[in-house]
Amino acid sequence: MQEDLIIAGFGGQGIMLIGQLLVYSALEENKNVLWMPSYGPETRGGFANCTVIISNEEIGSPIVAHPQSMIIMNLPSLDRFEDELIPQGLMIVNDSLINRKIKREDINFYLIPATEIADNLGNAKAANMVDLGAYLKIKNVVDFTLTEKTLEKFFANNSSLIELNKKALERGAQEIAKETLKP
Amino acid sequence: MQEDLIIAGFGGQGIMLIGQLLVYSALEENKNVLWMPSYGPETRGGFANCTVIISNEEIGSPIVAHPQSMIIMNLPSLDRFEDELIPQGLMIVNDSLINRKIKREDINFYLIPATEIADNLGNAKAANMVDLGAYLKIKNVVDFTLTEKTLEKFFANNSSLIELNKKALERGAQEIAKETLKP
Amino acid sequence: MAKITVEQERCKGCGICIAFCPKKVIQLSKNLNPKGFFPAELINEKECTGCAICALMCPDVAIEVYRQEREKK
Amino acid sequence: MAKITVEQERCKGCGICIAFCPKKVIQLSKNLNPKGFFPAELINEKECTGCAICALMCPDVAIEVYRQEREKK
Amino acid sequence: MKILMKGNEAIGEGAIRAGCRYFFGYPITPQSELPAYLAEKFPSIGGVFLQAESEISAINMVYGASCAGVRVMTSSSSPGISLKQEGISYLAAAELPCLIVNVMRGGPGLGTIQPSQSDYFQATKGGGHGDYHLIVLAPHSVQEMVDLTYLAFDLADQYRNPAMILADGILGQMMEAVELKEYASEIPHKNWAVGKSQGRKRNIITSIYIDPKVLEQHNLRLQAKYKIIKAHEERAEEWMKEDAEIIIAAYGTVARIAKSVIKKAREKGIKAGLIRPITLWPFPDKYFQDLGKIKRILTVELSSGQMVEDVRLAVNGRIPVEFYGRMGGMVPSIEEILEQIEKINSQIERVKL
Amino acid sequence: MKILMKGNEAIGEGAIRAGCRYFFGYPITPQSELPAYLAEKFPSIGGVFLQAESEISAINMVYGASCAGVRVMTSSSSPGISLKQEGISYLAAAELPCLIVNVMRGGPGLGTIQPSQSDYFQATKGGGHGDYHLIVLAPHSVQEMVDLTYLAFDLADQYRNPAMILADGILGQMMEAVELKEYASEIPHKNWAVGKSQGRKRNIITSIYIDPKVLEQHNLRLQAKYKIIKAHEERAEEWMKEDAEIIIAAYGTVARIAKSVIKKAREKGIKAGLIRPITLWPFPDKYFQDLGKIKRILTVELSSGQMVEDVRLAVNGRIPVEFYGRMGGMVPSIEEILEQIEKINSQIERVKL
Amino acid sequence: MKKVFERPKSLTDVHFTYCAGCTHGMIHRMVAETIDELKIQDRTIGVSPVGCSVFAYEFFNFDMVAASHGRAPAVATGLKRSLPECIIFTYQGDGDLAAIGTAEIVHAATRGENITVIFVNNAIYGMTGGQMAPTTLIGQKTETTPFGRDARAHGYPIRIAEMLATLEGSSYIVRTSTHNPQNVRKTKLAVKKAFENQLNNKNFNLVEILSTCPSNWGLDSIQSLKWLEENMIPYFPLGEFKNI
Amino acid sequence: MKKVFERPKSLTDVHFTYCAGCTHGMIHRMVAETIDELKIQDRTIGVSPVGCSVFAYEFFNFDMVAASHGRAPAVATGLKRSLPECIIFTYQGDGDLAAIGTAEIVHAATRGENITVIFVNNAIYGMTGGQMAPTTLIGQKTETTPFGRDARAHGYPIRIAEMLATLEGSSYIVRTSTHNPQNVRKTKLAVKKAFENQLNNKNFNLVEILSTCPSNWGLDSIQSLKWLEENMIPYFPLGEFKNI
């Protein structure tokens, strides 16, 4: 079993972070993992995406042309990656920042108003966690509570961030539970 | 017919100059010519030598391992080149600066006290011309008077040098005429 | 009478114009632009003097300034 | 009483020692050394003061200077 | 216990464990995590991390530190490595051990920061002047970023020769789990190094041999050393080679992709296998000698075709050697290479039974 | 009328006649006569001779002048050329025509000032980073120092590619008679160059293509250009090749020595001949395709064996390719190479009649 | 109403790729305005560096050449020598100019090369993600000085303007800042003079401009301007160091 | 009689390869004497440059490292950082230090690298046969300025001591000469201080020494000393530029 995931958005949206959260958690479960970043020319703003591979076997290619899953955090990323998802693949979309329809009809997508949700939780920057929560709710590649634990380690010296991010994760998962997201 | 000549001595002895004098003159006679310098690490002092090739045919190798003739202007050059001369080859030796015997017995050498002769003419630096004169007297690879003409061109703006060098050339030739030089 | 226009797509919401506007008549909009920033906007056209300090300081050259020309005597 | 020695093989006959010797007691020798230079030599041991200026200036560090030590009182 | 590390950091950690305490470098993407790692770790373990004013200065600081006999390294990426070529030639000429890391990016010129393998020639044939060789190692996983760093320092000291790790932006920036094996070798005493002399004869380190006879002797000595290195240090991974009819020759990142390709090819009944050079210099010729059932070799690189020349030289016309490459930071997908394999497979003439 | 010139001066004169009025360089032996010549001649003909503070600065001044569309050159020797590698990669990437002269000397490191051919790989395979090629021309006489200088400027402009003259200290410093042929080509108009814009669209010269897709396209364009150059510009001299059984492959100075060797070999009844690559890149593969009666090739170089790899790649195993080389400024004598030829000759199995 | 402030013609329409609040953008504007005002757009050639302003050739609306890292002054020299009637300027960061490009800038200055240099000093390597620059202040934390720059280990910050002012060939050397409107105005005047000097064949001209890097300083735009004022200016005093 | 002047122990017996009258030799002697006097021969490492003094490693009688052209300060940095108890000096010509090695010397100085630099300024490239150096005087004829150095075409001569003195990390910067006994004595004192400072961990120390090149100046030994005095000193004033 191998899960190939691409997470994409602006720089500054915490794209890399949630990717790392996933692989750190998966390693705890003794899986083979690979995380690979890709940046645009700008330091802040500009595009940023990462590849996450979680597998029971030795991981070959770090390059994933056609992932099974995607978390898409902004419009340029949608434009760039939409066509690459495998048929029946999973796409979590940050609906707050995307003002167009999904074109693909052969995929499973979930439109989550992640930025708004995070904003309501007190910090729009936690939108990444909202989307991650949604993703984990659907694809149980790593244990949800394990991920929360990893999160605690990541923000060990900032308990308010832990709280915020945990809430965001949960709110993301809840969105999926609503199961009313797909148009 | 091809003449391969090596001229060797200290830097500052005018080694390169007499080599160039030869090839400029030979070119006037429509011969194929090649002149190649070789310097040591010092600018003044240190070793300096050049190769002169004069030929009726296209000149191949610029590297002459075993020349037909040599003009040797100091002791280190003798030490370095003595063994390389072809059997029956010609060696003109500046006896003034060499306080040892010639070891080879299968060559034709002429010991010329060139520095002394030049000193007597007023400038020890003309020793090169003395040796060149001797060489030309024996190996008529270029016409003697043609060489004098070239010399005039070389020193076009210094008539005293022309006189000195011409005298030195002739004195060198005369030394050969003495034919008492070989031990 | 003066005003500024902020090119909404170009603005990165850095807030520098806001900080330096002597009349404090600029604020960040509530709408994200496609770059992901909340761009600046003029909130009070009446108070704007057209001093152009905002434009002078805008790193993204997103501001244009308009001013009623004084009538020439 | 003083004197200098010039290492004949090392000297390049540059003449600097000669030019700076306050007593003018150095000259170039008539004999070429194996390097092809006429080396310097002391011509008047009596006049040499052992001031070591020659040695100080010799670029080839070819000069050594000897001096009768003053007796210590 | 395995821990997660980025490839660049893994080199840093490997260097620390191998006893390296001197780093001189100049910033460049995509190797930045390596100096950042060492800048963080060195102060507390007495290491010297110095950011030089340029790559040229950095490689010459490495030269100085290596003269002193310490384990020392530098790191850069393609354009920066080009600037080090004179220095590298000097290091090789003076037989100074050190580690040079090149995390390659797309060129030529300023190009891009995306991964590439287009500095293979520069690394293996000598981008600098004169006849010399670096020992060039090509990791293909974060684990090997550590392991080959150990090896690089060991070989460098053993042979008194600069060693290079030739990686790319993917290997440098991706994160994988690594096991930090104990570093077991002993750092040899270097009696040739300069320092407090304490009565020994003085040591001189130079690469000038103005007399060509002497310089030729020096070159012959170097060549003899290279011959010994070649005889002893050729390394490659063979993977599914035994019954293979088609071999992919690839190193680094591409070799990983090739493994995925080969799995898929095998699923389709194509007998594919891999030869993955680990030492790029010495090129592992010996792995290409016994061709067995192999009918074709496909060399895949992130370049216009560089290592393929060494593969061809090793095979010397016995079987066809094909090439497939991507350039400028583009990386081929599994599907793309598979297509090449299928094409080659369809061309192989088989004895009809 | 023939006049006597040193090889280095001949390049200078060739450059002047080819319309080059910009020289940027940094002193180094054994190419000094070239800048000295231009420093003397340029002022009166409106040329710009500028001694830069370093080789790096010089190659970047060349970059600037080439951007302006003028004919421009630089010159150096091995260590200095190593320093130019980043700049060269940029020039190739930005497709900027210019002439780079390398009068090679013995390496690696500081080495010596005596002649060498050990920068062949650097010149032909890319000493700098990334996939690129220089057009590399190898004169073997003072006459060719002029003629190939003309050609180098023409090809550089025609293909918008830097060209290199790869010579050595012997060719640079020896004096021969040359005929200064009239320079007949026209210098093309460069509409891509920067300068006064006079209404045209603005011109940009760069080598950054941050998007790998775009950089790959750029690379593909470059590779397509290289293919065209290869198809049209392979040049070599064949000498006594017709009936030859043994071929010496050699360029530059060594090729001259080889001619002397071949004459002597023929006197001894050995059917020897010469293939002398004039373009080192593109390597004249086509001259090695029809092997005729050739049974062996002996490549001779002033190196540990560099061009021999290209000869082997061209021959691809069809016949054995041997190597003989000297290094570090040493140059083989006629006798020495002849001995190699005799040895090879004795090994060739001939049909007994 | 009349437009009293607009984008200069010497800027293209392309959006800057600089981070929000990064003063590189202001400096671009001032250069472009100067070129507009001097009416030299059709004969100006800019040389962009390697650094965050590597894409300057997309933003400036005239002929542009992209130099390799640090070598812009050499490239500019090649251009100016072959196009003496064109106006050539380089735009360089502190890593580009004060580290790898030290020899090139020193020698362009000592040669009196008739060019204009816009030197953007933000005390950091912006583009590569915040490593120490030669101008990084003592105590400043960067990716490669995570415990703060320590003079003994990493050396002292270099004052380029002061250094270049000692050179015979430099004609106008000034340091200005971008941290508030007054200083931005002064910067603009300095930039203009540095171009005018070139038009008047007055040797080598350099404007060192203190600039911010919010992203790598870890501060927001406004904090950054303040940090610049409070920390950089004391070490990098503003003013003219040469004006002949 | 007692020997009152002898070859220092820190020189080998090898004959210098310098031309007759070349003051490189004097400077070698002074460095060697200093090392003898400070009793540091067993822990001194010299870094030789590329230039006529490329063979310095044959003449100095202690551990020596030959650097590539211009990079001696970087090599010295690598050495000093790994051998802090050793005394490291570079010996460099004006082509080596002031041209190709500009960045290396400026940054060694600004870093306050605790080394000693002996900078031999003879206004020419000696070893390569007399090309213009960055320190070649206006009007001076060289192989690459056959009509004399012209500021407009070739730039102005660079004053290294003055330039480096502006840098925070430099601690002792002085210019001396070799043209007569008094100045040779002063030079010796300066060399000694530049080494003592290193022993006292006083950052970066450089002695710029005006030196002759009879061969390439086309003058004899004595004329050369005079030419130095009359032409170089007016442009390169002697004295201490920094001493802290």
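Residue numbering begins at 1 within each chain, and the chains themselves are lettered A, B, C, D, E, F, G and H in the order written.
Everything that follows uses one rule, which is that a residue touches a chain if its C-beta (ideal position, glycine included) is under 8 Å from a C-beta of that chain, and two chains touch if they have at least 3 such contacts.
For clarity, every value in this text was computed on a predicted model and none was experimentally measured.
The minimum number of touch steps separating chain A from chain B is 3. Contact with chain A and chain D alike is made by no chain in this entry.
Looking at the partners of chain C and chain H together, the chains they share are G. In terms of C-beta pairs in contact, E-H outnumbers the other of B-F and E-H. Here the spacing of chain A and chain E, counted between their Cα centres, is 35 Å. Chain centres here are Cα averages; for chain B and chain H they lie 40 Å apart. Taking each chain's centre as the mean of its C-alpha atoms, chain D lies 54 Å from chain F. The geometric centre of chain C is 84 Å away from that of chain D, both derived from CA atoms. Annotation for chain B: residues touching 2 or more other chains are 41, 45. Within chain G, contacts with two or more other chains are made by residues 18-20, 54-55, 66, 68, 99-100, 102-103, 106-107, 127, 129, 134, 154, 214. The set of chain D residues that touch two or more partner chains comprises 12, 35, 37. Chain H contributes residues 50, 54, 66, 68-70, 95, 99-100, 102, 125, 127-129, 131-132, 134, 143-147, 153-154 to its touches with chain F in the complex. Residues of chain H that touch chain E in their complex: 41-43, 45, 47-48, 54-55, 57, 61-68, 71, 74-83, 85-86, 103-104, 106-107.
By the touch criterion given at the top, residues 22, 24, 48, 50, 52-54, 56-58, 60-70, 72, 86-87, 90, 94, 194-199, 202-208 of chain F touch chain G in their complex.
Chain F makes touch with chain B in their complex at residues 2, 4, 113, 170, 173-177, 253, 256-261, 263, 331-335. Residue ranges on chain H touching chain D, taken from their complex, read 1-8, 11, 15-16, 18-26, 28-29, 180-181, 184-185, 214, 220-222, 225.
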